[in-house]
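What follows are several structures.
In the two complexes below, chain A is the common chain; its partner is chain B in one and chain C in the other.
The block that comes next holds the complex of A and B.
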């Protein structure tokens, strides 16, 4: 993986969301998209050739919290919320990242594939499917959703921007996931 | 973009509204029949339409049943190619958008919900359980990228073979009908009350469907191979497709480049064809951008079994396989007045197709194109 450079990394929690300026749509997004976008914003990267930049997201919980929130609206006058329904796709965050940064490269969203993101991104770059790749691991599980699904409560996101060649820290075979990559870069 | 040299489809399996196996699908293609019908549980104020593509699968964990049955059929057909491959070299890629979302309905309404049904609300656990049940002890992935999930799962499976991480990959797409999903599309006013009519002048929306569809991918030669794929994002709108079709055209061009083909090499296009006014208009423009006035025959299959979401890409790729092997280009069930002259009303028999193009688009602005080569 020596010719693949880690240009930037980030690690964020909901406390970081207010540090960045987003457009008016941001308030209508679900917490997964808000946190994922914040992680990408925290990279501080100005993307260059946007047509060839892809986005890969991995998530364990997916849209679990939004699923529960959406389904609760079925009892409201007018029925289920269309604005929440569109965020019940776990891949919504890839779309929001692409829209905000104008990235028209390929997309991938892996459920439970947090240890596969860097390998997939490296393959895209190596085989020319993309010249750059925004990688995000993002999980938000609220208390009620966690209890229903039997999974722990969490709200955390990590991101990295990888490029083929160019400046940055080389990606190595030992970089298994975004969490450990972010820790290595920080150290 | 990506190309998968000598990645063969060794077996197919399909459970859909037109039958419990590929034979049922084949019959529906030959006869241009639609499996869409009214289903009482989707009747009421919360639902814009009760016309859906339902299977006969029932129970607390229907998505597992759909995926399991499709995998059994695909593995049976591919048995000769699988018999000497150890389990550790067999991978599995699952495509789904909502896994067993019906578990949420059950849990919030104090209805019975088996442990496995609750577990399969989380798609990655469904993938793990399917892999264990089908002897796939190699790499397991779970892809969820809206309505292109199935097409991406096929390309991910091909990549696992290219990277020598497996010698065979079971690719399965599955999603089941639920009030959660049908009410959601209703809230977006995205359902056609009369049932979906892709590429029809009077189309008014999609019809929800459910399916399990599986293919077995192996390295080497075969009657059908994956020649290339491409993906893109419109970077434009979360739910609305780009108005000019440029994003989908980009994905098609990337797939053609990966397959080292020209537009004239494509003999058949299986469109995404949801039946929504904007999708089909956008898709028509993308086809014109790539093919100009020499567009090959096009059909859309969602009038046959509905929009099966995470299964759609796999199921409709199987339609391409059946079309080539049967020399029968599918028609477009429920179509009356096509908006493009190239859209086939009824099946066209006797045509030999060397390369098919499968298209997909989805919420989040995602686009995908897959080129399938037929020997």
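The block that comes next holds the complex of A and C.
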């Protein structure tokens, strides 16, 4: 993996969201998309609308929080919010990142595959499917969703931008997940 | 300004969770979709639900919805036509 460079990494919580300007449509997004977009923004990389840059998102909880909200409002008069429905798709965060940054390369959403993100990205880069890859791990579980599903409450996202060649810290065989990679880069 | 138009602007912002936009910034004659506010098909569905919830008006099909959603002003006229007392 020595020819693959880690250009930038980030680690964010909901407290970081307000540091960036996302435009008027940010408010309709679910917390997973908002935090995922924030993690990518925190990379500080200008991608410049590229067809050769891919996006990979991994999430353990997926759209659990939005699913619970959807379920709780399903019998409301007038029906469930249509925009809430679209965010019951865990892959929507992948799309929102691609739309915001004009990235039309390959994209992938891994459910529970947080230790596969870097490996998948490296494969893309190695085989020329992309020259760069935005990698994101994002999990948001609100209190009520956590209690209902019996999973820990969390709101955290990590991101990295990998590139084939160029400057940056070399990606190693030991780099599996974004949390560890971000910690290594920080150290 | 027309009270219904003012109300609609606030409801649109609230319903669509538009950030950093005030009612005063919405031109009631500007297109809601494409240019203007730049709304999309999901927003259209949200507005259909909002009309039913807040005004008791059901839009049956796209032919009825298209002119109604041309602008805030057109939407206000549409509501008035469906609810003559408002």
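General remarks:
The criterion applied here is as follows: the second predicted complex is superposed on the first by the 185 of 187 C-alpha atoms of A that agree within 3 Å, B and C clash if a C-alpha of one lies under 4 Å from a C-alpha of the other, contacts with A are read in each partner's own complex, and residues count from 1 in each chain.
Everything below uses one rule, namely that a contact is a pair of C-beta atoms (placed from the backbone, for glycine too) under 8 Å apart; a residue touches a chain by one contact, two chains touch by 3 or more.
Fair warning: this is a prediction, and the values are worked out from it, not measured in the lab.
After overlaying the two complexes on the shared chain, residue contacts for A:77 are found with chain C alone; chain B is out of touch. After overlaying the two complexes on the shared chain, residue contacts for A:86 are found with chain B and with chain C alike.
Of the two partner chains, neither chain B nor chain C is touched by A:173.
With both structures placed on the common chain, the touch criterion links A:23 to chain C but leaves chain B unconnected. Looking at the superposition, the partner that touches the larger set of chain A residues, chain B or chain C, turns out to be B. 79, 81-82, 86 are the residues of chain A that lie in the contact sets of both chain B and chain C, per the superposition on chain A. Chain A contributes residues 22-28, 77-79, 81-83, 86 to its touches with chain C in the complex. Considering their complex, residues 1-2, 45-46, 97-98, 101, 104-105, 107-108, 118, 121-125, 127, 141-146, 152, 156, 159, 163, 180, 183-188, 230-239, 247, 250, 362-366 of chain B touch chain A.
By the touch rule above, chain A contacts chain B in their complex via residues 50-51, 54-55, 60-62, 64, 67-68, 70-72, 74, 79-82, 85-86, 88-92, 94-96, 98-99, 101-113, 116, 123, 127-129, 148-151.
Per the touch definition, chain C reaches chain A in the complex via residues 16-21, 38, 42-43, 45-46, 49-50, 52-53.
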